[in-house]
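Naming follows writing order (A, B, C, D, E and F), and every chain is counted from residue 1.
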Amino acid sequence: MIKRAIAFALLAGLGLVFLALWQGFEPDPSLNRSALYYAENTVTDTGAANIVAAVIVTYRGLDTLGEVTVLFLTAAIVAMVLRGGLADSGPRPGRWPTGELLHTGSRLLVPLIALFGAYVFLNGHLTPGGGFQGGAIIASAMLLMLLTDPARNFSHRLIATTESVSGLAYVAIGLAGMALAGGFLDNRILPMGEFGSILSAGAIPLIYALIGLKVGAEFSSILLSLSEREK
Amino acid sequence: MADLLILAAAAMAGIAFLLALVRFLRGPTAVDRVIAFDVLTIVALTGIVLVALEEGRAVYLDVALVYALLSFLGVIVVARYLEDRAK
Amino acid sequence: MSGLLEILGAAVLFAGTVFLALGALGLIRMPDSFNRIQAGTKATTLGTLLVLLGAGLLAPTFAFKLVLIGVFLLFTNPLSSQVLARAAARIHAPKVLGGAVDRFDEDHPDAKGGRA
Amino acid sequence: MVYLALATGFALILLGLYGAITRRNLLRLIVGFTVADTGTHLVMVSVGYLPGRTAPILGAAVPPEVAALRIIDPVPQALVLTAIVIGLGVTALMLAYAWRIYATRGTLDISRLRQLKW
Amino acid sequence: MSILTGMSVVLAAGMIVAALVAISPQRSIAISIIASGAVSLFASVMFLLLAAPDVAMTEAAIGSGLTTFLFFFVLGRVRGGGDD
Amino acid sequence: MNVAYTTSRPHRTGVFFALLLFWVLLSGSLAPTTLGIGVIVGAIIAWLLPGAMSFFSDFRFSGRAVRAAIAYFGYFLLALVKANLRVAGLVLSPALPINPGFVKVRTRLKSPMGRLLLANSITLTPGTLTVEIEGEWLYVHWVTADAPDIEGATHEIVEGFERYLEVMYG
């Protein structure tokens, strides 16, 4: 009981803070200085139409590299936590086999979902989306395969190779930016291209494609390490 | 005239949303809640199309595409779970 | 001319949302899970297709993406309904039978014994 | 609209934290955390919103020359975008630990996990 | 503008209701998880209203399939521990 | 498992062209660079997923099949509209005049794609919902079970679509 009272007191305090914040909130009438810089200079600096993509890939590229690393660590820890010795509760009762419709439907839809994921990360500099969304969509295609056929053997080698090769290429592009252009992860190592076409904005589509592959591989390996315990 | 019709359409979508929400809250079995969730997803997709129309930005439709392609995954996940648990 | 097209598009849009609302009403009124899936799938699919058509008439530049959304919906929506209906039949969800015809349970006695 | 979104975000944080604090089942606790997570994202995005402006994606609708007058702040969006992805990783990690705890202790009820108390 | 405001009101109400369901101890865990999925669905449309399509897309791609799967996967593997 | 449908061989070319079509629709442009990237992406996906299928899998490319496809699409849209008006009528009538039942129907289709299309069409048309498909039998939930016997139900539900799908996919 006393614990519950403490919880309520805590939440009430937090609620008061939130209330004060809410009452004092006033939307800015115009952009603040950093946002103004991004709004005015993104096109000349990076050539990207999607400013969020420019912020993620170029202006704060190092943060994104760190974040991808965090995801990689997460996937590795999940695999480690679940490795071996997990006594599942007795022999698993047999599942109902998946229906024919789901089988056929997934054979039809998996390529389309994968294509859409590729579209999302290759067009990240023009339309909403980018490496993280595209990676999540590709992992969803993987999830659909997994749901359709839980006993299927997925190539861990392929996933691990994709993951590490794209990670290495990402860092290599960052270093190339230091050697050829203004600094680490500078996207101007490739020509800027024409504003608004798919091969523009320098290295942003390339970097986003690598991020997409890496994130997709990481999520897929999380899904696999969770679901393969039952065999 | 057209604006008025669009406004009425938005109101209708809102009604559909609320009705599906009621089924989501009441639905006696999990299956009912899942089907209500499916309808809610579709209504949300309609809402996204309406927002894209109002703001006049075609890029918003990519989000609707994500829903059209991926929303059925959640339903399939729950369906597989229910089948598994019964066995 | 363009005004006419706009009004037509808005009318189609409105008709689509009316179907959506009717589908949701069916969700409320139908007596068991299977009938609710029926109402939920059909009305919402046509409703969304009409909304997409109306949006295409209102803003012709959206057309490609709207067509794609429609095609994807035509495949994913019935698929999820079928998988859900199959699961509901397998776990023996409560059903309301009018004519007492139930060939599924006649042929799947092992589907019984789940949660009623 | 911004005020409403902000209030909803705050309410979600409070509700989620309440759920996370008072429930004893680990899975419910994690559900509470994800709700609170969504709430924080909502708060951050609504802080970056400027009324009457549009998304920071240039193109035919928003030519680059007028961008500074038409778009909203892109920085919170970039932060939230990465936060959501990390959130999924954190959820996966929490669930993996929950499962590990279940496998070794046979329960998900945190009040029965005596070793975790101090 | 009024359409968008109305939509945000409805969405906010839906989110609060779904969050209440998600943390309610009376419902089963499966329903809590579906409700948290609904919260993420409504939040995604709200992000779009707040002119953040990138964020909306992320939430849609991750919230609809992957999170639900992770939860249900673990829930399906724990027997007896599922209810408190 | 009792498999009555033919397991089709890999259809990499069909999948590739379907993916390319979708890529062009997604991008909304036919610029050479866009098209080139689409070719690369489509080739990679088609190569990595040997079990993939597309709308073109098992499709017979003959003039008759194409005509049947167009006719099927028109018939399907008509049935969809009819289904909705029917459901709307059911929902709006105060007495809710439904008579639900599960019926069993038979199909002659063998190709997976044709069977998927058949099941989807049944689900989207008047008052019927495919619940399970096993071998040549389909179990269908019917809101107004007018014809409970197999022949009658098959005639009512399946044959309209099967006529076209048989020409298209065999």
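Here is the rule we use: a residue touches a chain if its C-beta (ideal position, glycine included) is under 8 Å from a C-beta of that chain, and two chains touch if they have at least 3 such contacts.
Remember, predicted model here, so these are calculated numbers, not experimental data.
Chemist: Decide which interface, A-F or C-F, involves more C-beta pairs in contact, and give its chain pair.
Modeler: So, comparing the two chain pairs, more contacts are at C-F.
Chemist: If you average the Cα atoms of subunit D and of subunit E to get two centres, how far apart are those centres in Å?
Modeler: Comparing mean C-alpha positions, subunit E is 11 Å from subunit D.
Chemist: Taking each chain's centre as the mean position of its Cα atoms, how many Å separate subunit A from subunit B?
Modeler: Taking the average C-alpha coordinate of subunit A and of subunit B, the gap between them is 24 Å.
Chemist: Let me have the rounded angstrom distance from the C-alpha centre of subunit E over to the C-alpha centre of subunit F, please.
Modeler: 31
Chemist: Can you list the subunit A residues in contact with two or more other chains?
Modeler: Those would be 50, 52, 88, 96, 99, 101-102, 105, 108-109, 112, 116, 120, 127-130, 132-133, 136-137, 140, 143, 147, 219, 222, 226.
Chemist: Counting only residues that touch at least 2 other chains, which ones in subunit B make the list?
Modeler: If we look for residues of subunit B contacting two or more partner chains, we find 6, 10, 17, 34, 50, 55-60, 62-63, 65-66, 69-71, 73, 76-78, 80, 83-85.
Chemist: Would you mind listing the residues of subunit E that make contact with two or more other chains?
Modeler: 4, 49, 51, 53-54, 56-58, 61-62, 65-66, 69-70, 73-75, 77
Chemist: Which of the chains are touching one another, listed as pairs?
Modeler: Every pair of chains meeting the touch criterion: A-B, A-C, A-D, A-E, A-F, B-C, B-D, B-E, C-F, D-E.
Chemist: What residues of subunit B sit close enough to touch subunit C in their complex?
Modeler: 1-3, 5-6, 8-10, 12-13, 15-17, 19-20, 22-23, 28-29, 31-32, 34-36, 38-39, 42-43, 45-46, 49-50, 52-53, 56, 58, 61-62, 64-65, 68-69, 71-72, 75-76, 78-80, 82-83, 85-86
Chemist: For the complex, which residues does subunit A have touching subunit D?
Modeler: Against subunit D, subunit A makes touches at 4, 7, 10-11, 14-15, 18-19, 21-22, 25, 27-32, 34-36, 38-40, 42-43, 49-52, 55-56, 60, 63-64, 67, 70-71, 74-75, 77-78, 81-82, 86-88, 126-128, 130, 132, 136, 195-196, 215, 219, 222, 226.
Chemist: Which of the residues in subunit C end up touching subunit F in this complex?
Modeler: By the definition above, subunit C touches subunit F via 19, 22-23, 25-26, 29-32, 34-35, 37-39, 41-43, 45-47, 49, 64-65, 67-68, 74-75, 78-79, 81-82, 85-86, 89, 95-105, 107-108.
Chemist: Enumerate the contact residues on subunit E facing subunit B in the complex.
Modeler: 2-4, 6-7, 10-11, 14, 17-18, 21, 28, 30-31, 34-35, 37-38, 41-42, 44-45, 48-49, 51, 53, 56-57, 60-61, 64-65, 68-69, 72, 75-76
Chemist: Under the definition above, what is the set of subunit B residues touching subunit D in their complex?
Modeler: Going by the criterion above, the answer is residues 55-60.
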